[in-house]
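For reference, chains read A, B, C and D in written order, and residue numbers begin at 1 within each chain.
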């Protein structure tokens, strides 16, 4: 029996408008390596959306590759990157950052977010250590929007972090693998132009937001990383048929699709959150985006998993489990209705 | 005015059958990271085509990533990789192999091919050096089929190289970025099962052979590289939506498409070669595949480039240039006819 | 005015017997790179002292180089090294381990020591994670004897750790930068043969134990790391005049010098500990070796530092500081007497 | 029977003045990591000798470590280092440069030297390649003085190379592992101040020039490599007892010892060269320094090797061998007389 599907936000192919455009342009000839007109058009649209007219933009196939490339390219060999203990780079990328030669310097997480004050404290500790030339120097801050726990930095929090970074010569890098869901969340007050203004570099996620693959790395200041193209090639991350990513981001940034593609996912997630709350099941982390975390007794988990595919998150004790329902642009009303009815029976 | 297009073999999107299949399966839900049914089906079809029933197969987005991953994963830190001086890894990957920590040990090239006897000589020189523990130990041989010059190793040459490798504890790795064009060339006598029998590891190129992106790395002995999946993740080369490559290779390996997709490209290339010869223009390197190299006086080059897009290869002297015509599965009869007519006027 | 010196255990040159031997052999000619007779003789003496007749032994200039070389050489690219949060490699080597491509996986520290049970727990967490092919695999355990806090693993603790390692395919690596002080501590029950029996690899510290420089890496199983010599060369860690380290370790392992060289340091440290206790100042971490840690009010710290050079360790609160007195083979009775008298006045 | 020893220039310990100074200062207490007064004094003396009053100077244990550290620290990740095919980094450092992530870009060698015009040509080829963002960018030039073949760059040649470097944004790095022998050669016209004026960075060799170990890296512009100290630590190349190198270089740069220590070696080498020429044996490469290369029939080689230890260099054909006689500051008149007598009997 087919189950209601809430396993993740990358279970389907691409938004239909993307496939249509791929089909209609399939035999158009164009140059390789991202120098084609589709990529250029996509870049221009992203610049407009970000209000960053000089931005340098590169399309990279996935999140770990983007994180690894940006961090290695920006840090000096003697520097490390600051992240929350729950940051994707800290624990879920098979050691890609260390493979690139850099230490991840962890600060505490609060529902997936780090605090400007903890960053400041870590930097001061480094700066005031008499032997700090034996230590890894903090060189940048990595954050995600939404975070790995589905939470959002408010504009004011982001401004604080940005200020601390500027005051301490730290680059600020934002991982937007699920950025479309942040932009579609009613309580969100951080816009693309805000990101371009406050971050040194960030990326706009495609893979989890309607594309087949691809993240758009945006550097508002194009002089940030000289020869980034060659670094992309050296990391094996340069696609010969760059058009594949150009077409997708062109479609996502036409008529504001990227800013609305996550709307239904948020509505569905809210409906699930309402139902869980109504059933007295405690939501976790306070995520307002497309990831719904809830702590359930294991017998309820078993009942849910009979009819729905969900994600395992953690086990706070022997009898309970935190599970995740992920909605996406592709989630169907039918699946949501089925899940809500199922939850009613619990 | 549109020009006849012979710039490269990655100017278009994908073979129509691939796009059709992507469209028809677009909303099918499946797990990520290449563990889905499309990937599994593609793997099984490739195993059959290669007569390698135990082979481990991974799909990687491009050639440089594949070369870099395989070489880094197979070599010990104290080893280097042997390649022809014209090998793609030796000069055209922005130092990706050295970035991974390994030296490329060059042997002479003969129309793009290396010789088993030169490999043997290099290894003997290493083995007989009293101070070879201060040197880079040869650990593997890298070859391409077709080579960067369009030429093909014969079965007998490949067997020689394979034998020398086995006798000297060298892994043999074959880059098949354009393998479909080798398989479609009448004079070719090396089959997929031959590759699986003679190489430790090789890849079947998708990007230049009808796919949007993707190379299928084949390890006939699945114990060759433990935890290759994690290494792929660590290199940022693991696609969340692995289905994208699974679908494409499934189509390419259905009804023998991969083995025939290059046929028209070879016919067209042969027609161009015939015409050039007829015009007294000297072909270079002896390529029988989809890349046609010819040395032309610069005034003829100028005339050709008025109406056709070709590739620059090298300048043997101040007055001549070697240019390349590349055909592909997507080359049109119309472009070929136009080019042949143009060459007639020279 | 000269101050009483307790700043560290590497403030002086070498034990006089070492300098004498260097002088008397200075113009002897010998081959380079550690293949000379001094090195060979030193190796043989160390094998005897460790009851490890087949051991492969390499002399490396310092601790960070040894840690970095051993860890990089032993780990697979997808693995990380487990260490206590206070482990030297975790925080005081400028990111050398990450520079080599590997993550340090931290477990809690208890007075500088890690617990076998915590190692086991970390490994089980990894092993039972369904997605552990996206994670760094634990590949080895790094411990120090004495630890960075001056404490010692008991034989029983070391046996536990060794057992957990064997059961879980983890290499066990012990950093013995201050090993002579462990061996000279009355409460110590771990001998050199115990280390050779229980560790896969360890080193015997010279730099802090009477030599000018040098650590002796001991691999009881000589097949542990193939081509280690070449790896040493590749890391720039191979000294042309290997004799310099051979002579020193030959002297240190003649007539049991290494096992007694730390005795006076321990006696002096005990005297300092007694005096501090008598004065009601709380010792920290429970170190029985040559490092004495004590938590003092800042006005007492100021008084001490007027006449003695000590090390700063940490500030538990705004009014107190943990300081370190380090004794060594070179500490003089005069300095100790002076310090004890000074402490009496507090 | 003891043989006449000409195997290499690192067969003995240290110059007696160095050992004396080590002995007399052995129990002086000083801080670690090269921050001590011996190192500071040595640095100041070197600055004076080089007429480079702002130079930053670091002491590193050996040549491969110095090459590896300097090259990795100076190059951007997308750059490579230009060297002669016979350059030490190109073939005799176990791949240390590639291990650090960089390609060695070889240019032809002429008796061990490279030519400014070849460097210029390589750079122009890179600069005029339309696809050079797929290539390794030349970022620096590595040369040795004396070269691996014993030859010397003249001041005019060095000025040419320096000019080409400046014109093309290439750093110029000079490996002076045997620099004392260059300085003691009558035909040499390149002084230490010339090196400081023409190179971005260079090192003054200690290991082969009278020290136990150590090379002094000199950066005339102290802003050349920020945080080099931390990079040294991260590479495991920071000695705790930095005094060991400080004392040695202080002695070598007192009363001009470094500039005269090689004089007898050159006189002896000249005597050997005269004798070989007189016997009709062809000298190779034109070395005027402490390395004497000669091509001899294999039966003569056998006779020589009965009584003298020499180095094997290469076999130009089946019947001849190029052998090397290396003299040093420690070579005895007795050995030279013995060798000359032996050569007379051939």
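The rule is simple: a residue touches a chain if its C-beta (ideal position, glycine included) is under 8 Å from a C-beta of that chain, and two chains touch if they have at least 3 such contacts.
These figures come from a predicted structure and were not determined experimentally.
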Inset, instruction - Would you mind naming the chains that touch chain C and likewise touch chain D? - result: A, B
Inset, instruction - Quick one: point me to the chain whose Cα centre is farthest from that of chain C. - result: B
Inset, instruction - Go ahead and note the Å separation of the Cα centroids belonging to chain B and chain C. - result: 51
Inset, instruction - Could you grab the centroid distance between chain B and chain D? Build each centroid from C-alpha atoms only and quote it in angstrom. - result: 43
Legend entry - Geometric centre distance via CA averages, chain B-chain A, whole Å: 34
Legend entry - chain A: positions in contact with at least two other chains: 77-78, 93-95, 99, 133-135, 230-231, 233-234
Legend entry - Interface residues, chain C side, partner chain B - complex: 72-73, 76-78, 133-135, 137, 226-227, 229-231, 233-234
Legend entry - chain A contact footprint on chain C (complex, rising order): 77-78, 80, 91-95, 97-104, 130, 133-136, 312
Legend entry - chain B partner contacts - residues on chain A that touch it in the complex: 5, 7-8, 10-14, 16, 19, 22-23, 25-32, 61-69, 93-96, 99, 207-208, 212-213, 230-231, 233-241, 243-244, 330
